[in-house]
Structures are given as structure tokens and as C-alpha cells.
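In order of appearance the chains are A, B, C, D, E and F, and numbering begins at 1 in each one.
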Amino acid sequence: MWNKRELQRKIEEWLHEDIGFGDITTMSTIPEEEQGTGILYAKEAGIIAGLPIAQLVFETVDPSITFVAKAGEGDRVEIGQQIAEVEGSARSILTGERLALNLLQRLSGIATRTNQYVQAIAGTKARVVDTRKTTPGLRLLEKYAVRVGGGHNHRFALYDAVMIKDNHIKGAGGIKMAVAAAREAIPHTMKIEVETESIEQVREALEAGADIIMLDNMDNERMKEAVQLIAGRAVVEASGGVTLETIRSIAETGVDVISVGALTHSVKALDISLDLNQRKR
Amino acid sequence: MWNKRELQRKIEEWLHEDIGFGDITTMSTIPEEEQGTGILYAKEAGIIAGLPIAQLVFETVDPSITFVAKAGEGDRVEIGQQIAEVEGSARSILTGERLALNLLQRLSGIATRTNQYVQAIAGTKARVVDTRKTTPGLRLLEKYAVRVGGGHNHRFALYDAVMIKDNHIKGAGGIKMAVAAAREAIPHTMKIEVETESIEQVREALEAGADIIMLDNMDNERMKEAVQLIAGRAVVEASGGVTLETIRSIAETGVDVISVGALTHSVKALDISLDLNQRKR
Amino acid sequence: MWNKRELQRKIEEWLHEDIGFGDITTMSTIPEEEQGTGILYAKEAGIIAGLPIAQLVFETVDPSITFVAKAGEGDRVEIGQQIAEVEGSARSILTGERLALNLLQRLSGIATRTNQYVQAIAGTKARVVDTRKTTPGLRLLEKYAVRVGGGHNHRFALYDAVMIKDNHIKGAGGIKMAVAAAREAIPHTMKIEVETESIEQVREALEAGADIIMLDNMDNERMKEAVQLIAGRAVVEASGGVTLETIRSIAETGVDVISVGALTHSVKALDISLDLNQRKR
Amino acid sequence: MWNKRELQRKIEEWLHEDIGFGDITTMSTIPEEEQGTGILYAKEAGIIAGLPIAQLVFETVDPSITFVAKAGEGDRVEIGQQIAEVEGSARSILTGERLALNLLQRLSGIATRTNQYVQAIAGTKARVVDTRKTTPGLRLLEKYAVRVGGGHNHRFALYDAVMIKDNHIKGAGGIKMAVAAAREAIPHTMKIEVETESIEQVREALEAGADIIMLDNMDNERMKEAVQLIAGRAVVEASGGVTLETIRSIAETGVDVISVGALTHSVKALDISLDLNQRKR
Amino acid sequence: MWNKRELQRKIEEWLHEDIGFGDITTMSTIPEEEQGTGILYAKEAGIIAGLPIAQLVFETVDPSITFVAKAGEGDRVEIGQQIAEVEGSARSILTGERLALNLLQRLSGIATRTNQYVQAIAGTKARVVDTRKTTPGLRLLEKYAVRVGGGHNHRFALYDAVMIKDNHIKGAGGIKMAVAAAREAIPHTMKIEVETESIEQVREALEAGADIIMLDNMDNERMKEAVQLIAGRAVVEASGGVTLETIRSIAETGVDVISVGALTHSVKALDISLDLNQRKR
Amino acid sequence: MWNKRELQRKIEEWLHEDIGFGDITTMSTIPEEEQGTGILYAKEAGIIAGLPIAQLVFETVDPSITFVAKAGEGDRVEIGQQIAEVEGSARSILTGERLALNLLQRLSGIATRTNQYVQAIAGTKARVVDTRKTTPGLRLLEKYAVRVGGGHNHRFALYDAVMIKDNHIKGAGGIKMAVAAAREAIPHTMKIEVETESIEQVREALEAGADIIMLDNMDNERMKEAVQLIAGRAVVEASGGVTLETIRSIAETGVDVISVGALTHSVKALDISLDLNQRKR
């Protein structure tokens, strides 16, 4: 669901960051006509995300490279398993390798982590969603990796949904006035979410007509109470310090959505390598 | 040592990613004239990096905002400690908050991690350096955070130093030929590093006139042997799977430089928050 | 609610389109130090929209220009009424004049037209909204002018709300499947609108859980029937060939929203002029 | 005569305005492999302009789309007549449809209007030309549509010809001095036009050596007099409040060129639709 | 007559070319607070051009720098003469020095050369003009330097005047048809120049109504004949292999304009240096 | 060793500078379907550089053009010798001609000049290298041309090597402190060069551990002394006012590198022309 043209422009910039005026090592040591076959393989088990992006990196470096995925996007791979094969000019493969790996490792790290959260609440009705705590410049890709890992997305940015927090409530003079002001300003095609810290605020948000009510850092008892109070009249989102240990009990309170900042703000790269066999043409 | 003009352009792009055509919540709920004072404080102990960048974020959102650092760049802060104070339009502070925090948390996470590695080898002559395993689009900032944390940088990109690896050696027909080809192609102002996997290769690299010799995944005994063989005629770099547990013993082999990919490829954000007090003007 | 930084970049491009390497007439005939006072005034009655944009045009041409609005954004002005006063370098005023007027005339034309539709349904509960039939490159400004004229906006683009039309229904295998597929793919913060052409389709959309139901080119009787069937369980939008003559009777069917393509696709510029008095400094 | 590379870059931007990070409706409801055939047809009679631009829009969205024009650029079409056929991925056609139509409708609206003016003066020697009152960002396309409709262009911008108006005359100290100053500053390859409001000014402009003399808001008698006075020694242009009703009598005064702002500042879009038949591949 | 905004963007790019991620020498050796006064002086006699551009370079590097010109744009300077004084941060002055000098030396080189040609034909009525043989990316600046040196400009580019050469004549089927085709296609505000190689072609161009007739590589006798034939009915331009030795005799044939490619295609930089005195603040 | 993607973007900009909204002459006089064969040939003897760049220019104008080099990059050509053949649309060839020639002439001029310097020191061990006195925006191409002519490059920019000059030495408090400060700040992969003006300074630089020592404007005797003192412990570079007359004697002092600003700051274009034969298709 990401936009290919936008992505190509970003890849061009990232390649510029790493290559600048040229990969001086490769240009001076590898003959121009030398061919190679590179194998991308997992050095760690996890969920693979980013294969189409890695492919686009190599194709941007050199349109004559062929990239064949050996695993499906979202597949779980084991240590040593082949993920993709890339074939073409040895120079081009070496020049694109680092960016392709940096992206693939990061996105697979996110998908792997997301999937652990999703597995942890299997059987409940709740969705695991991300936040805006993403890496600057990589938001769309990171949110894509969350989906590949089985999660869902929260709003993309400040422009595609209203999220009324503490300071907005104070600025507008109360939840009711904040929701009314937003409703008047935004298209009828947009939703309004209100962040609440007490059952009292949940009630106010409900009366104000919020489409989504976020329960911020509430304990599970409070959340159950809120879910019963809301009774399907708004989407219920749990948020705040969610961990792999706590997520199942949160899901069991009956909330619809659980948002987890750690999906994207603290990523452990999945270890993936490229082995190149080169040959004279 | 980063370039302010370049950075401003990136910040504009990142703000666009998060704000797009507008922060619809803030615009519709917070009065335009409302003022505020925001306090950035640590929710976790660590090394702070990125204060000038956070300042530039707020100033780009709104040049009339004032930002006063309460901690020095590179300082260790404790839980609850104030890091900075930002004052001005409440709307502007809320709109810039997320990007400022996303950057500050990430860079402080890198500086904190780097500093642990640097402390671990205190008293030895070795430098801790980063790699090219950085986040696409953020390389200069991440390498800056490494320096703030007390580390040093490896080459910035493919264009500012020669690094001859396995595939380059094969492509050129041996270490000697690879070094010679690179030396002829590059300016006399650039250095050549050769990656070696055996004492035999170390010897070859030395004879070829390499400026830097990387010992790739060698055990400590082999590294000591290499250091003695090289005897100051080239810079010696250790690389491969370095951890906080192993780095001290590696440093004690006498190498000059130890490169650590995990400084940037798997970052745990340092937890930092912004508390805003708003008031009518 | 539009983004100032984005707008400045566009104004730069538009100035480049009109000025290129220089306003050769002004540069060669008007002395550099000559000052002037320009009066913008209406040559036709209507609603003024775009004053802050016109101001930004002049300030971009020359930051030392002062621009004082003599009418409020959204005010109705009569023939001959002064709208704004611009003061500064005569060269700069002449060079920025055309772009400022082209924008102001167009946006005021949209606000004026929109306001006629809004007046026509005064007292009903319906909103007049725009469509995606905007001028390429000017969408945000044109949607802003609709708001200035008293209208509201529909979705901004293909990315901020789901709108399921005939072809999407066929592609997904029915309304129910289309809504379900979209609901699974999108964030919980986004809404789904379904375009319907019969009461039968309205019923299907309602059962599928659509947030908004568009009644496409239905007659008023059919719309009344739909409004009763939906009974507040979804927002109801009327669409298709709406004119100033027909809009009141449509609003009286009880729909919530009426979308009008002509607000933006066929704009009559409001006639506005600039008179410059120049003087030696 | 427009530049294809420039146009492609603009189309990319306009697609971004409408698509952003993705057409979420189409992506989630239409299978990726689904094919379709779209027919563009006229819902109103008029002159078609913009077919190559619409083609470029679809090809930019998806290079595998084929676009076959069914009418010639500049042809008059009748209600219901097919204009073009577009074939390929159903997703791509739906995603590009709006921008293609927005451009085609607007440019055809301009060509249709222009053609009415051109027909109105058929048999006279005068040219109908446009002005700089174009939509910001669309000038080259709008001027192209004027040509397609049988009109001609005035200068493109402030940089490609000198146009001395009232304020320039005052700034330079008279028509003679203004023309002399401009002649000295500009290349010998450029022309100078002077705007005149009286026969006296016409005479001055003629003596000053103006290449083109504009008669601004003169009545027909005055214009005849001016034409006789000028007697072929300069191009004569009539300007100011020209309508379809008045243009023929203006042309019959013997002027060479008649400029009409309404060709571009107040455009009624020509109604054009796209019908898509989709099928599984 | 050049556009300041455009120029600033170019200077940003050129600074990026030279500075990239930072001037590592200056950043690591010069204290941030160190101030300096730099004197720009001539090491060779010539005409100075580019002072406002050099000023813009320093101001772009650091807005707090002050730049005071000690010579006027277009002045002749002698060896050792001071040209400008620049004061502010020592770091900023050193970082901007190279770009400022590279531009100033090149533009002064062009102005100096142009002035020699202009002096050589003093007293005749002919203009010395440049060509399109400029450095890619620097055309506007180089054409500006020609004007500073006392010369005039030819057309700026392919879009602002018609120049019909040999191949265009063949393509159109003769001079008459080429001029007619161009006249029909272009605005009435543009001129048509025809390149001729014989008196016969001059006659054809004149009959076709060319505004400018270029005499390409004709000897002086032939040019005199052409001037008499044309007799003021078109501007006459001499072109082809013009040198400082031959230009006077060419001017004396009575031509209006003499175009000289060497003004810009083979530039000898004027030798200019910057001496910096630094001090602790 | 230059980056093709970067270059394409620059060529687009340069084409825009020359073509803007269109080559109005060619568009209006040459039939769209007309084909042509253009021959690029030398009108002067010299070293050819820039053929791949000229090819890229034509391919960017029109991807269907074929370009066949008739000489090798770096070959010496004689007067009248064919350099390349370009075949395709006559319009496209004419539109791209000027930019292709402007680049080819300039780069060949640089290669030709460089080669004279290289020939002059044939048999010595010294390298001829360029400086940062390049044309803004063209540095990579000009440095490429130096290599084609048999020379080598100095550092590319301020970011890829340290060059400590007079002002840096003063700022840091001496050569020793300047080298130490730089060494601490930069990666171990970068070199440090120190500019010296006396034997005393050479000694200091050597003791400070400089990698490269530049002898600035020293006479040959002093340089010999410096070479003996340094004795291979650093690269030795001669610099300052080097001419074709003096370079051999400088090389014979035993220096490793001789830098020559005139290679790029004062370029005489090599005279190259394009002859087009056009034909109806």
C-alpha cells in the first residue's frame, strides 16, 4: 500500500548518502564486465519484511540486475535459510548491498517484533497497532513492516485523523468543546479520537461523540470498566507502556486496539547477510 | 561537525512526513495566541545527544520559539532530570514535539550505548568506531551521536576511503593487485584499508602498502600476532561480532580501532518526555 | 489549516513561472530605490479569500514589503471597496502583482460561489462540501477557499478516507466484501464511504457497516427514503449534478452533506485590481 | 511546443497531491491482477485539448497502460462521443483517472472557449491571444490549450518580452525614456511593447520605436485612428474587457492582435467522463 | 537583472559540492568563537564582476558575516588593489572563501575579456554580444558578467527568440517557409533571426520578414554589401571567429551586433586572493 | 568513477537552462518525423574527454537517439577527425547539440591541458593533480577530465581530507596542535595534509605526524632539501604558480605530487563541431 514512485525517490537519496560520487573501492578493483550471484540468507530466525524494497534498491542501482525472492514477504525464516538471489554486474551488487541490507534488516526486525505481540493476543479480538514514534523519513516503510508482521496501523500522521490529548482539552476548554471544535473543522470523512485518563473522561468523550476513545495508562480493571461503559459506541484503544508480558491481559479486557510504541522506536535489526560469487563474463 | 543547512532541509522533509497539510487537531482546538512552556526531561538515565537538533526542529516549526538547553550535549542525565525548556506558541510546540522527541530519543540511545563500549575499554589505546550499518537518511546524525558518546567514526560512505574486502580481492586478482589498482585510481589524500581473515593476508596487505588493516573475526590470539607483525606500519582495526562482554579483551590485544555495528543498527531509544504548561496570552 | 512552509515553496515555484530570470521591464525602467503604495480593491462584489496568501506572495518577492489587509478573510466586499494596502519597493510590488492577483481572484471566486450554495441551504442541517475536482497543484488552497466561503471539505485525497465506488464493488465482489476488505486494511482511525445508486445498495452498505453512505444521482424522493432507512446510523451524502437551483430541495430531504464539483472545477475569478502610487525615496 | 520532461515532473507532483502514500480504496478492494478498459467520452460538446497530457498521466501512474486517442487534439466532439481508450491494470486506471480528467476537462474548457473567440473574428486579420492571468503552475499547459483552440500566445512571462505599462512610464520619466532604457538593457533579440491610453501616447510610443503598441481600453473609433496612425510601423494590440459580443467589431478596427484574459482566468471545465469495464485476467 | 532567489538556491548547491557534510579541517582546528577580517584583493589588473554574488556566498554560509565592497561592480582594478572586506566568524570566512573566489575570478575574467572587445570597437555603433557557448549551470551569471564588462546579451536560451539556422531552413523547405512557420507558431512578442551565408540568403531573409539577419562567417566586403542591402529593415549581426584583432574592422562594416563565443567558452580567471587576519573574541 | 544517476539529474537541469519551455525554432520549422545523422568532429587537435557525458546528454533529450563514439575517451584527435556519430530524430539532435558540445569542448580542453603537464614530467615519479579551483557545479566532471588527460586528483572537497593551512595553524596554536586536533576529530580512514612555507615548518609537520606535506611556493633548492628531510615518511606535494615551463624542474626535485590550479580555473575549450545531415523518414 506504499507508493512506488515516492519510494524510488527516497532510495535515490539513500544511495546518494552511501555512494556520493562513487564506490571508489569497487570501481577501481572489480572489472566492469564481472558478473556475480548474490545470496541473501538469514543469520537469525524471524519474519522477513522488505523484499520488494530490497529489490527496488538493486534495480535502482542497476536496472539490469535480476532479483528473485526465495521467501515470501511475511514468511518466518530459520537460521541459514535463503531469502533471495540477486544476479548481475558484480560491481552493482556490491554497491547496492549495504543499503539493501540496512533496510531489510530493520524492516524484518520490526515485523518480527510485531509478530510476537500479535501472537501473544491470538484468539482475542484486539488489533496490535503502531504509533508515530517512527524513524524520521522511514514512517511509511516502518508502518508497512508492522502490517507485514500481522499488526495494523494507527493514524499515519497529524493530518489524517484527530487525536485530542490533554493539552488540546485544556486549550479548547474541555473534552466536549474540543470534540465539537474539531468536528466543525474537519471533513465528515475523518474520525476523532480522545485520549482519556479516567472513567469520568471516558464518559465525557462518549457524550461528546468521540469515534475512538483511548485509555491512557489505565490498569486492567479500569479498562474493563471503560469497555463496558462504552459498550460498542466507540472504538476502544489501550495505550501506555505495553509489553510482551502485559499485552495478553490487556487484550482480555475487551479493548479493540492496543498501541505499542516499541514496535518502531527501539528496533533490533534481524541479522541477514549477502554472499557473492563472482565470475568473469 | 554536521552541516546546518543540510540538516534544515532534512528537518523540513521530516516535518512534512508528520504534519503534511496540517496538524488538524491542534489547529482546531488550541487558540492561535495560546502560549506554553515545555520541559523536556529524562524518564531514563543515559547520555544526551541531539539537543542542537531538537532545537533546530522547534525553530523550523516556528522561528519565534526559544529553546534553552538545561543539560550539555554529551552529559549523563538521571531519571527525572530536566534536559531543555522550550517556550512559545502552544500550537507550535505541540506540532514539533513528536519529531524533536523521535530524534532526541534515538540519538541519545546511540550515545548512551556508545559510551558503554567506550567505558569498557577505558585505559587502553583503542578507539571505538561505528560502521555503515546506519539508518538510511540518518547516517550523519547517527555518526554524530557516536562522537557525542565518546566514540569515533569509521569512513562516512563509499566515497571517502577505500575498503578492500574479499570480493574486491578476488575481482582484482589478489591483495597486492587490489591495493595497487586503488592507489593508482584515488587521490594521494585518501587511505586504503584491507580486510583480512588470516595472518597470511595480514602479511600480504602490509607488503601491498595498506594504510589500515582490518582483522575480520579473528580470535584474540590471532589478533595479538597480527598486531606484532604489523608493528605500527599500518593502523590495525578489529571487527566482527564485538559485544560489551568481549570488547575489553579485544582492546588489550593492542589493536588501534574496534568497529561495532550494533552502535547504530539496533538502537534502544532513550525515554524522554515533554510536559507542556499552556496559558492564555 | 494549511501549512505555511509548504505554501512558501509553492509560491517560489509560481514566482519562478512568472519571473524566471527577471522582470526585465521593471528592472530596466523603475529605479531601484523607488517606493510605492498599492491598493488592492474589488471591481466586483463577492467574498474575499486568499489575503494571507497574497501577503505571502509579496513577502516572498521582498521581505521588506508591508501588507495590511483592509478587509477580513471571508468578508463580503462591494464594488470599489479597498481590500488591502501593500507598501514598499515599487519594483517588488510590480513584480509580485500578477501572482498575488491571480491567486486572490481565483480563491475569492471559489469562496463567493461556495457562499451562494451555503446561503441557499441556510437553516437546514446539511453541509456543502467540495470534491477532488480541483486544479492540479492548488487543491489545498482551493479547499481552504471553500471553507472561507462557509463550506466544508470532503476528503483531501485518495489517502485520507476510503470511498468505495462502482468499480471497487465489482472488484471486491460486492459491497459487503469491499467494506470488509477495506476495514481490514486501513487504520481504525479512518472512515469508509460507499457510493450507492439504489435503496437496495443503501441497505447493503448499512449492513456492511459503512461510516458514510453517498446517494449518487438519486431523485429527492429516493433520498428521503434513504435518509429514513439509514436513520442516523451513517452519515448521508448527496452527490451528482447539484446546482444552485436544486440544492435547497436536496438539503430538505434530510441528508447531512451535499457535495458540489462546480465549487472548484469551473471557477469565475472575482475581479480585483491593484493601483500603485509610486514616489522617489 | 511544451517540454515533456518538465511536464512529467509536474505530473509526478500532481499525482502526489492526489495519491500521497496510496489510493487506499483501490489497493484494498481491487485485485492486483485485475485488468480493465476505460472509455473517455464527452458529456458535452466542445474542442478537445490535453489528450497527450492525459496519456502522460496514465503512463506515469503505470508505464504498462496503453492509451489510444479516439479524437484528434483540437477536434470538436459531440455529446457521447468517445475521446480515448485506456487499457491495462484496473488499479492503475482508477488511480490515475481523477488527475487525467481534471486536466483534460480544464484544457478542453479553455480550447472550447478560445475557439469561440477565434470563430467570432473569422475572416479578419487579427489574432486572439491570451494573457498572464493563468492558473499558478499551469501557465504552459493553459497557453498550449489556447493554441489548440486556434488562438495564439502573448508573452509567456516577465522574462521573454518587455511590456511597458503606466507605472513603468512614470518610473522612467516618460515613454521615450522607458523604451530607451529597456532597449539598452535587453538583448537585440527581444521586443518592446508599450501600453497606451490615448492617441497622444500612441504617437509617443511610435516615435520611441516600440515594436508593439497596446491600445488599452480604447473605444473602436479611437482604435481605428490608432491603427491608421501606426500604419504598420508597429504591431497593434487591443486589450481590455473584450467579450464574445464585442470582439468582432474590435477586430474590424484593423488591429493585429486582441488579448482576452477570460480565456484562462475564468474557465468552465468541459464535462468528460471515464467508464471502466473491468475483468479478471 | 538576475534573480536573487534562484541564485541563492544555486549557491546552496555549490556550497554543498565543496563542503558536503562539513569543512573538517576548519571545524577541528579553528575555535568556534574566533573572529576574522578578510581582505579580497587583485593579484592582476582587470574589470571586477561578481561582488554581489561573492557577498551572497558569504551571507549564505553565515548570515552574520558583513561584506563591504571596496570597488564598484564593473570597476577596473590594479594589482594589489583591495576589492572587498569580509568580517565575521573565522570559520565561516574560511569555509566560504573558495566558492566566493571561484565565482569572482571567473566572472571578473569574463568582464575583463568582454571589456577588451568593447574598447576595441569604441566609437562605432555596434554592440558586442555573447552566445549560448556558456558553462552549463552558469549561463545567467556569465551573461551578467558580459553586461558588467560593457557588452550586451544575445538570446538567453532556445525559448526566448527564434534563430533559424541551416538545418531549420532545410527542414522547413526554405527561408521563406521557415520564417512563416515560426511566425505562425510564436507570440507576436518574439523576434525571428535568420542565419545567412550569402547575399542571396540575406535577400531571402529580408523578404521573408526576418527581424534580425545574422551574417555567418562572411568577409568584410560581403558584410558591407549586406548592410547596404538590408538598409535598416532588420537588425544585422556579424558572427563567426571574431577576435580582438578583427573586431574593429567588422564593426566598421556597419553591422549592429557582433557576437563572440570566446567571451564565455574560454575564460581566463582573473587572479584574486583573500587574506585573513584572525583574532580571539 | 563518476555517478551516473547524479549526472543525469544535472544534465536535466542544464537542459532546462538551455531549453526551458521549448526549442521554439526547431519545434516550428523541423517536421517531427524528420531523421538525421550528426557527426561530431574536431576542429582542433587535442585529447578528447566527455564522450560518455555527451552521449548521456543526447539520450536524456531523447532515449531513442543512438550515439556511437568514433574515438576513445582520452584519445588524441587531429583536426577534422570524427569523434562520434549521433543518429535519430533531427529535432532531438538539434535540441541537445549545444549542451553536448559545451560539455565536450570544456572537458576536452581540460584533458588536453592536463596532458601537456603530464607529458612535461614524463619519466619522473611525480603525479600532476588538480585543485578545488573548479567551476561551481562541475567539479566532478572537471576532475574526471583531469584523469582522462593522464592526471590525478587532489581531495574532492572540504570533507574528504584535512588540509591544514596558515590560518588553521594560527587558530589551533601551531602545527603540532592543529594536527593533533584534526587527528582526534577525524576517522582513522582519513589523511592530514599540512601546508608549509619553510623547512622549519616541514620539520614541525613531520614531527606532528602529517600524512602529506605541501611545499607552498618554495624554490627548487628548498624543495630538494625538504624531500631529503622528509625521506619518504610523508607524501610530498609541490604547489604554487606551477607552469608548463617550470613543472619539469619541480618534478626533478623528487616531490611526489604537483598541484596545478590552471588545469581547471582557466580553460580553453577544444573546438569541436557537429554536422547534421537530415532526411525525411
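Following the convention adopted for this analysis, a residue touches a chain if its C-beta (ideal position, glycine included) is under 8 Å from a C-beta of that chain, and two chains touch if they have at least 3 such contacts.
Nothing here was measured: the structure is a model prediction, and the numbers come from that model.
K.L.:
So which chains count as neighbours of both chain C and chain D?
P.N.:
A, E
K.L.:
What is the graph distance from chain B to chain D, where chains are linked when they touch?
P.N.:
2
K.L.:
Starting at chain A, how many touching-chain steps does it take at least to reach chain E?
P.N.:
Each step joins two touching chains, and the minimum needed here is 2.
K.L.:
Same or different for chain B and chain F, when you check if over half of the residue numbers at their contact belong to both copies?
P.N.:
Counting shared over all numbers used gives more than one half: same.
K.L.:
Using mean C-alpha positions as chain centres, tell me how far chain B is from chain E in Å, no decimals.
P.N.:
Centre separation, chain B to chain E: 45 Å.
K.L.:
So how far apart, in whole Å, are chain A and chain B when each is placed at the average of its C-alpha atoms?
P.N.:
The answer is 23 Å.
K.L.:
Just give me the whole-number Å value for how far the CA centre of chain D lies from that of chain E.
P.N.:
Inter-chain centre distance comes to 33 Å.
K.L.:
By residue number and range, which residues of chain E touch two or more other chains?
P.N.:
1, 19-22, 24, 27-28, 156, 159-160, 163, 185-186, 190
K.L.:
Applying that definition of touch, give me each pair of chains that meets it.
P.N.:
A-B, A-C, A-D, A-F, B-C, B-E, B-F, C-D, C-E, D-E, D-F, E-F
K.L.:
Under the definition above, what is the set of chain E residues touching chain B in their complex?
P.N.:
12, 15-16, 19-22, 24, 27-28, 60
K.L.:
Residue numbers of chain B touching chain E in their complex, please.
P.N.:
Per the touch definition, chain B meets chain E at residues 1-3, 5-6, 140, 156.
K.L.:
Residues of chain D touching chain C in their complex?
P.N.:
Residues 10, 13-14, 17-31, 34, 36, 90, 94-95, 98-99, 101-103, 105-106, 109, 132-139, 157-160, 162-165, 167-172, 178, 181-182, 184-186, 190, 265-269, 276, 278.
K.L.:
Write out the stretch or stretches of chain D touching chain E in their complex.
P.N.:
Checking each residue of chain D against chain E gives 1, 127, 129, 152-156, 159-161, 163, 185-191, 193, 212, 235, 237, 256-257.
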